[in-house]
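Below, chain A partners chain B and then partners chain C, in two separate complexes.
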Partner chain A sequence: MRFIDEFRNAELVRRLADKIARVSTRPSRLMEFCGGHTVAIMRNGIRQLLPPTIEMLSGPGCPVCVTANSDIDEAIALAGLPDVIITTFGDMLKVPGSYSSLQKARAEGSDIRIVYSTQDALQVARDNPQQSIIFIGVGFETTAPTVAMAVVQAEKEDLRNFYVLCQLKTTPPAMRALLDLGEIKINGIICPGHVTTIIGTGPYQAYARDYGVACVVAGFEPVDILQAVEMLVQQIERGDPRVEIAYTRGVRPGGNLKALELMHNVFDTAGASWRGLGEIPCSGLKLKMKYARFDAGRAFDVVLPPAREAPGCRCGEVLRGVIAPTGCKLFRKACSPENPIGPCMVSSEGSCAAYYQYGESDG
Partner chain B sequence: MGEKILLAHGSGSRLSHDLIDRILAPPLNNPILSRMDDSAVFELSGKVAFTTDSYVVSPIFFPGGDIGRLAVCGTVNDLSMSGARPLYISLALIIEEGLELEDLRRVVESVAETAAEAGVIIVTGDTKVVNRGQADRLFINTAGIGLIEGEADISGSNARPGDRIILSGGIGEHGMAVMSKREGLQFNLPVTSDCAPLNHLTAAMLAASRRIHSLRDPTRGGLASTLNEFARQSGVGITIEEAKIPVHDGVRGACELLGLDPLYIANEGKLVAVVDPEDADIVLAAMKKNRYGVQAAIIGEVTTEHKGRVVMKTRIGSSRIVDMPAGEILPRIC
Partner chain C sequence: MCLAVPVKITSIEGDQADVDIGGVSRRVSIALTPEAEVGNYVLLHTGYAINVLNEEEAQETLDLLERMVEAGEGE
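Right, the complex of A and B next:
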């Protein structure tokens, strides 16, 4: 299959792995920011191909995982209102909030429907004019343009029963917050391929400059990831941190201008609460005043119970790269995909789920 | 608008008899069924295999099959995987009021065609009609009886180190074909369901070798679940090679798009066999001669290492654990 097979070519992978082993001399710690990369790395067993000098850490780049408990509680509370239909991406369904999950709310009678795109959510709104349709807007810059598009379209069609619970987040402020924390020394970042397709490489320049961190944007196939690792190692060995793109078939330095313009027209930045990282200024997207009537947070009044974290859950530290999923006492014991305690075990892009599902083997 | 099923069709009234006479009996007819007594009565001697399953697939018609074909294949295949020769099938229909009569006719004809292909007969049946909303168009239950000939001892707990793992063809076709037609997730896929009766295939395999240790059709949970079941039941490890597992490009593409792994997607016309290494090639050759085994391949082997676990050598030369699937398989978020 074109654009897939050539990026899973065993010979190319072997050559890249050999080159990395040859070039890498000093201990280097690389973080893949994006959950999609974590899954690809685990699923393809890429860590086994790297020399012992290279340590790979998983970062906070799973939108479901970083959603704060209070935000999930709000979605569940909205689901309990009469004449409300919640539309959401499937990943959110099982995520535990403080006391419940959308999946449990559905079993208790709330009308909660899985959609694959915001267009499907709009269709549910058109088909059910007597009910209020709330789309749970969780995601990063990859999802934000599609939410913006839906809002613009709803305005154009004068859809009066469509709302968004806007919990969108932007990645660069979170990356900076992580570097500012200084809990772990990171030498290089595998920058998220899809997010960068939208926002471009501009935001990363500061990391290379101010924090001396090597930055390479990577695609999601084995060859993509190894190529990015190889470029990072070269930068680190040379002591010359900069921003490079290993995913040129997807990413342009300036990003996707149309998508950026759309986001700019519909959203303002706002502070957002991240699981594991806390409140980060300017890291969230809120609907602009002119679209305020689509804001589920304004349109509906719900009383939230005080948010609480599950005792023993270390998702926060996993998201900051401070511990690996296997470093949590609950991992594979109390916490499993069937019975998740924290969100990292639920989401298909969560680190804990990826470690659980694909755990490396010596075989 | 065509004629529709009414509650009265299930009431035992004249309408019920009319439904049986017009729609159900003609395609299914055989001497045992046509007696129309309370039970099917027939002679049977030997070691008997007996199984039942219910079918609730939505939509009831999907690319490559329908709920009727599925209901026959599922039960025929369950019997076949025990090494039995399927003989008699029961057919119970739970119909939601309002189902088009024409749709029911199509399903029943599909049941008859599939039964004929498998060489089994429908010997008894039942029809119930429930209120709108109490079922989703049509649910079917089938049970089946088969005979185990010779000393075949086929079980998921019989896998031994050294045995070869043989897969009968490409994986994930049924699951992706059905998923492509689900509400809210419609896309065009050049893939049809693999739904098929596998009894002739297993008969050919069992005729070729007496050293087939385990057989299973990887339905819900896909190939990954079946292999994990073998590993746990037999207390052995299983190693497979990614590059040897046949996957249709359409299935691969759709899985990439939706963030799914073909190893976990359902099949309805595939089987996995665990075979003594000495007989693996003979069994493989016998499989390739059958229309449902043309793409058969040896995909791995049983080992004494990593007991209870399945490990896959990836295309790129690393290896990873293939675990049981966890819960509902959902599309990804970004």
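Right, the complex of A and C next:
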């Protein structure tokens, strides 16, 4: 397939890995900040291709995994209201909240429908005028414009039964929070390809400038990732941290202006709660006042149970890159994709699920 | 969740487009990429094109990588 096969070329992958091994002399820690990268790195065995000087860590890049239990509890509580249809992306279904999951709520009788697009959620609203349709808006900047688009469209059509539970998050404040914590020293960041397609590279300049961290935006095929690693290693070896794009076919430095304008018109930034990182100022997106009537959080009153974490689950530390999934005592024992304890094992992009599926044993 | 895949636009009607996904046609929104034209490849994310792929950049990247891995060998 065009734009995919060329970037999976095994020969090019091997030669890029050789090149990296020749260039890399300094011990370097690289963190990927996108669940899609975590999966691609594990699936393609990229860690094993890299020299021992390079350590790869996974960060809080899976939107489902970083969603706080209290937010999942809210979605489940909304699902229990009469005459409500919950629409959600499939990833959210199995994620455990404090006491239940949307999947369990569905088994217990709630009307919960998986949609592929926010367009489908609007269609459910048009088809069911007597019911309230709530879309569970979880995701990063890649997804945020599609939620904004649905809200604008609902307004235009005067769809009075469409709501969004807006739990969208923005990645740059979380990266900064992680760097500020200083728990682990990171030399380079593999910046998220499709988030950057929307937001552009501007927000990363501060990481290179203020924190001395090399930043390269990467695509999702093995050649893309190795290219990004090569560029990061070159920056680190030269002692010249900056922001570069490896994924030039998919990312422009300024991002997608149309999408940014739309987000700007529909959302205000707000504090948001991240699993593992806690409350981070300005890291969430909330509907602006002029769209308040679509805000499920305002329109419906639900009483939430006190949030709690699954005992023994170390997802928080996994998401901060402090431990690898293999560092959790429950990994592959009590916790597996069939019997997941934390969200990092449930989501297909979660680090624990990726490690489980693609079988890394050495951490 | 930020998964997006390259697909080719086969026809356009307003802010909707038909794209080819592995031989199957699907209707998607191009409201976020008003510059998209028939024949373009776009990155498709949850039913929306989020960017028009830059074919020249793709080729340049591949050429650059070829030159780079060659230049380094035999050092």
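Definition applied: the second predicted complex is superposed on the first by the 359 of 363 C-alpha atoms of A that agree within 3 Å, B and C clash if a C-alpha of one lies under 4 Å from a C-alpha of the other, contacts with A are read in each partner's own complex, and residues count from 1 in each chain.
As a convention for this text, contacts are C-beta pairs under 8 Å (C-beta built on N, C-alpha and C of every residue); 3 or more make two chains touch, one makes a residue touch a chain.
As the structure is a prediction and not an experimental result, all values here were calculated from the model.
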**OP:** State whether A:Asp91 touches chain B only (first), chain C only (second), both chains, or neither.
**Re:** both
**OP:** Mind working out whether A:Gly45 is in touch with chain B, chain C, both or neither, as first, second, both or neither?
**Re:** first
**OP:** For A:Thr142, select first, second, both or neither according to whether it touches chain B, chain C, the two together, or no partner.
**Re:** both
Original post:
What is the contact status of A:Glu349 with respect to chain B (first) and chain C (second): first, second, both, or neither?
Top reply: both
Original post:
Between chain B (first) and chain C (second), which does A:Lys333 come into contact with in this model arrangement: first, second, both, or neither?
Top reply: neither
Original post:
Once the shared chain is lined up, is A:Lys290 touching chain B (first), chain C (second), both, or neither of them?
Top reply: neither
Original post:
Where does A:Asp18 make contact in the superposed view: on chain B (first), on chain C (second), on both, or on neither?
Top reply: second
Original post:
Who does A:Val64 touch here: chain B (first), chain C (second), both, or neither?
Top reply: both
**OP:** Identify the partner contact of A:Asp120: answer first if only chain B is touched, second if only chain C is, both if each is, neither if none is.
**Re:** both
Original post:
Same chain A residues contacting chain B and chain C, which ones?
Top reply: 1, 4, 36, 63-64, 89, 91, 116, 120, 138-140, 142-143, 194, 347, 349
Original post:
Can you list the residues on chain A that touch chain C in the complex?
Top reply: 1-4, 6-7, 12, 15-16, 18-19, 22-23, 34-36, 62-64, 89, 91, 116-120, 138-140, 142-143, 145-146, 149, 192-195, 197-198, 220, 223, 227, 230, 246, 248-252, 256, 258-259, 262, 347, 349
**OP:** Within their complex, state which residues of chain C touch chain A.
**Re:** 1-6, 8, 22, 29, 31-34, 41, 43, 45-48, 50-51, 53-55, 57-58, 60-62, 65-66, 68-69, 72-73, 75
**OP:** Could you pull out which chain B residues touch chain A in their complex?
**Re:** 184-185, 237, 239, 249, 252-253, 256, 259, 261, 305-306, 309, 311, 313-321, 323, 326-327, 330-334
Subject >> Partner chain B, residues of chain A touching it in the complex >> reply: 1, 4, 8-10, 13-14, 36, 42-46, 48-49, 63-64, 89-94, 113-116, 120, 138-140, 142-143, 194, 222, 336-338, 347-349, 353, 356-363
